[in-house]
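First, the structure itself, so that you have it in front of you.
The letters A, B, C and D name the chains in turn, as written, and every chain counts its residues from 1.
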Amino acid sequence: MLQLFLKNGLVAKTTMTKEKREIIIFLIFTLAVLITPFFLRGSYFLNVLVFIGINTMLAVALNLLLGYAGQISLGHAAFFGLGAYVSGVLTTRFGLDPWLALVIAAAVSGVLAFIIGFPILKLKGHYLAMATLGFGIIMFIIFNETVAVTGGPSGLSGIPNIQISSLIFDNDWSNYYLIWTITLLVMLLSINLSQSRIGRALRAIADSEVAARVMGVNARLLKVQIFTVSAVISAMAGSLYAHTMTFISPASFGFNFSIELVTMVIIGGLGSIYGSFLGAAILTILPEFLRILQDFDIIVYGLMLIIMTMYLPGGLISGLEQIAGFIGSKIKSRGGSHA
Amino acid sequence: MLKKMLGLVVSMMVVGLMAGSSFAAPPIKIGALFSVSGPASFLGEPERNTAEMMVDEINKAGGIKGRKLELIVYDTQADATKAVQAANKLIKDDKVVAIIGPSTTGDTMAIIPVVEKAEIPLVSCAAGIKITDPVKKWVFKTAQNDALAVARIFDYLKKQKIAKIAILTVSDGFGSSGREQLVAQAGKFGIQIISDETYGPKDTDMTAQLTKIRSGGAQAVVCWGTNPGPAVVARNVQQLGIKLPLYMSHGVSSLKFIDLAGPAAEGIILPSGRVVVANHLPKNDPQKKALLNYVDNYKKHYKVEGDHFGGHAYDAIMLIKGAIERGGDSPAAIRDQLEKTSKFAGIGGTFSYSSQDHAGLTSDAFVLVQIKNKGWTLLK
Amino acid sequence: MLRLDGITKIFGGLTALEAVSLEVKKGSITGVIGPNGAGKTTLFNIVTGLYTQTSGEVYLAEKNISRLATESLAALGLVRTFQNVELFGQMTVLENVMVGLHTKSRSGVISCAFKLPRQIKEEKYIKEKALNWLEFTGLTAEAGNTANNLPFGKGRLLEIARTMAAEPQLILMDEPAAGLNDMETAQMAGLIYKIWESGITVVLVEHNMDLVMDICDSIIVLNLGKKLAEGTPREIQENPAVIAAYLGEG
Amino acid sequence: MDNSPQLFQYVLSGLSNGAIYALIGFGFAIIYNATGIINFAQGEFVMLGGMLTLFFLVFLSFPLIPAIVLAILISTVIGIAFERLAIRPLKNATPLSMVIITIGASILIRGIAMLIWGKDTHAVPAFSGNDPLYIAGATILPQHIWIFAITLLIIAANKIFFNYSIVGKAMRACAYNSQAASLVGINVKTMVLLSFVISSAIGSMAGIIIAPLTMTSFDVGIMLGLKGFCAVIIGGMSSGLGTIMGGLLLGLLESLGAGYISASYKDAIAFIILLLILFVRPEGLFKQKETERV
């Protein structure tokens, strides 16, 4: 009995520290996000960080679906675009407040995802990939062809900046804090979700849908729910993008961007929220370095996708974790020998 | 950090070297944003080539008042997000005094808020009328407005007593802007648009649209797009045996189009910048010298024909050069001098900017050309 | 506890089950045996809602569950294990069992994302319970390991711990001893007995006759999609039709 | 006004596009049936066929037949390399990783093609002239006849190969149950490789015969690949009549949709059909419902 107690206690203790570690990591990350701009005063890199924030939101959203529930989507740019267009159209044509537009954009996207989620997520594997891809292309065509509403291929300009009383978010500095506040919130909530019964049920679906259902997990509903959550986050990112850029055009929401999002998630690490940040950061900064390569960048993307999938399926974050774990065990073993 | 230090060391070395030479003054930095890759690379590539060629040329000739130009080019991939990032980098990191490009209307619209805020003059190479209408303080453009091209065609149609037309436009930025102008101006010329069809930029078969147009009773077909779509349209028109006269936009005024459309290109009429017919121009044409010079130069450097897209970049560089020569290299001075540009004979036309007009061209910027024997003839 | 009434299943012209009726008594260990292709697994798949029967009805404690979806059965107290062991391979052993408690917790997406107080309490409860079930199956030491890294025998145990976590009334076990060595099989028999002792009805499909005869108190024999016989282990061992079917197969 | 020539033209145009979709869809079906993989790089082989033919024909001035043969050979070699370097080494291949790898490969192939041949679109000369043929008031080009003929030929050849040759039968066995196939001594890996060989050859052939009509550039593969995929889904992933019907139906609906509804939404029509079929009848329009599996 005593032994049992000890064992239980031991396991509980290690998992407790895991939770604590999670909190500490998040606090460090938040702190880093908050102080970074002070080192970048007046630098263009602040602007890049704004886009990294938006892309992180998108990658986290897709990761919930792809990395946790194991359901692929090759059309996620559509929800990003829907958020941007709903927000853009409501503010430019109907004079709505950007905040209200953001909420409506998220709601519209969520409702759409919920409705199409049931038939789409019934599909599996390659079929799901093709169906989501088709959905993405249909949405792109709608953005592109409903010229009277969206402004068509030449875009929609004059979208107002977000405003809180007299504070207008019209420069990199204020946009950075606005977008990263929301990004951090999205990350925190996603981490919470991933560590809860819902997160476990999602991963269970990814591993064995049949077994998950036998254990009482309503796989169909849960997949649709997470698809909806993912669409809502993407639409929020889209709305923020529209109000930051003040100009949007369909080209930003096409098939290529959907693939870019998948690449972010894969490169960063499936099922890792910080991995999504890493993937988003790399893919946003990468063009800077690939500029030297000029036209070769497309080849680098292709190679990256293939090599990562073949040799590092856990993404860069798992590579980093392995290195950290290795160093950690070295330190521990040293500490152990002293004790 | 390391990179920054390295940069510092390198730049100190460069400064040291420069101090010993006669070029004491630092170069004037000009930024350029072109869609070198992506769906609008047919614009961005000749534009970048031309801009680089012109800057080399200017520097070889001793620069502007003894100071060299430095051109910093970034690729926007016709992606608004990348365009905005690159514009920010040019302004904040590279500290350029002026920006030329971007190549597309979408990219230009995306970066206008950025340049307006930073107060850096922008000379866009895109055609959309929205860019300079309404006038924005810091934004100019060199590409001829679609409106001028449409007016040129409609003027000719009116003379030919054609009153009913069909339009077939591509569903991208170029096509939708053209479509807008076609619809807007038709009434003014007493022209009625009988059929209004579109096609996708990647479509490879337009027989369905053309069949519909054929049965609609139009007297002429106007197609608005850039390669390769219009070549497919020309071939499909031939395949279907449609006898209606076919008009195209300045988007295809390059030899590439004639090559793609093959025999189907014969007889097509389109508005074009003067660059393709430089040889046929009368001696007293003010643009002739610049055109011939540009065409020869481009061919020498890149082994292919220069087109009027590259010409937009030529004009942008030369306009900025003129402004710097007249008023110095501060962004505000460049802007002010750009606005005072008068009768600059470039590739796209003769530019005269004013505080009410930042597009600077009249319908005179276009000539009508017809394709005959795999070449261009000037239509009077 | 479980009653099947005239279950027939036809796969594209092939009859897998034909008018099978049977009853499992509450608190029994019932064995379902039969040669390969007799329709045993098909039967399990129909009961658990993975297949839809062509005709016939399934009752769980007199409630008709014929049309219910798989995921709604766990809450009614019906769970199963799989012949090939269906673990959540990328998750830890502890997390696998925690999924078993899915029906014992209710927090939704919102309360999980915002870590509402109720959810935190619930999470604590889930973890405690899960650890208990690991102890029950002797897997406590493996709690933090990834399920995919478990040896096969322990995988079977984990699957049972996970089903137990759902606190079922009835467990269907699809060949619980397949792939186990003699010692592991004996352990498995002990575990099944322990489960039965805690008041849970067990139905198992099994090829290991020693195990079946040893622990079952009632046996149903299927052959070629039909119920061939039903009775105590002794009755079955002496049933000439059963002997003929097995010999015929050999 | 008499509308029948107009309708007939839509039908004819639709069928000729449909034949192309069917041929491309064929390539998808062959790999899918042998391996369960949907090869997102299939469209790139169509591009390679067109670009390689152009390269030999126009830049190296080869005669037509050798240019075509070389184009198919090189595309096939690339298909083999793809299978050997990216598909075969992959351990525990999930559908997700296969999707990502084939997308990666398609980006890679497209990128390399762009570097070698540039971004321009190129015209490829027609096999036998550009004089339109008149059929009941509607017209088609001689190249369309080539497309119909070669599509028919390839389908017939496939039918014979899969139904009567030993190797073809072995491939079907693998598709049906690869474990059982390997038990009876069929080399499953070879069969997978062979499916890539056949499908890249057919894909490049499709690219070659349509290039004179559609012209070719490094990025034609994306849309054509997707349309081919729609065709094969309508046809229920069959490597036979189903896909042909699927392709023709898709071409027809697109053409009629562009003619009578709206040309702007032509591509949307294709993908809406795709979604509807996947939602309502994922087994395709022309296939009997399969037995359910778990």
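Brief remarks on what is shown
One rule holds in what follows: a residue touches a chain if its C-beta (ideal position, glycine included) is under 8 Å from a C-beta of that chain, and two chains touch if they have at least 3 such contacts.
Remember, it's a predicted structure, so these values are computed and weren't measured experimentally.
Interface comparison, A-B versus A-C: the pair with the greater number of contacting C-beta pairs is A-C.
When every chain is represented by the mean of its C-alpha atoms, the one lying closest to the mean of all protein C-alpha atoms is A. When chain centres are set by their Cα atoms, the one at the greatest distance from chain C is B. Here the spacing of chain C and chain D, counted between their Cα centres, is 46 Å.
In this assembly, the C-alpha centroid of chain B lies 72 Å from the C-alpha centroid of chain C. Chain A and chain B, compared by their mean Cα positions, are separated by 37 Å. Remark: chain A and chain C have CA centroids separated by 39 Å (rounded to whole angstrom). In chain D, the residues that touch at least two other chains are 222, 264, 267, 294.
Of all residues in chain C, those touching 2 or more other chains are 50, listed in ascending order.
In chain B, the residues that touch at least two other chains are 37, 171, 198. Residues 36-37, 39, 74-75, 78-82, 84-85, 88-89, 91-93, 105-106, 109-110, 112-113, 117, 128, 130, 171-173, 175-177, 198 of chain B touch chain A in their complex.
Chain D makes touch with chain B in their complex at residues 1, 3, 6, 9-10, 13-14, 17, 119-123, 130, 132, 134, 139-141, 210, 213-215, 217, 219-220, 222-223, 254-256, 258-259, 263-264, 266-267.
Across the interface of their complex, chain D is touched by residues 37, 41-42, 45, 171, 197-200, 202-205, 207-209, 211-212, 214-215, 227-228, 231-232, 235, 238-241, 256, 259-264 of chain B.
Of all residues in chain A, only 66, 70, 72, 74, 119-120, 122-127, 129-131, 133-135, 137-138, 141-142, 145, 210, 255, 259, 262, 266, 295-296, 298-299, 301-306, 309-310, 313 touch chain D in the complex they form. Against chain C, in their complex, chain A makes its touches with residues 4, 7-8, 11-12, 14-15, 189-190, 192-193, 196-201, 203-204, 206-208, 210-220, 225-226, 229, 271.
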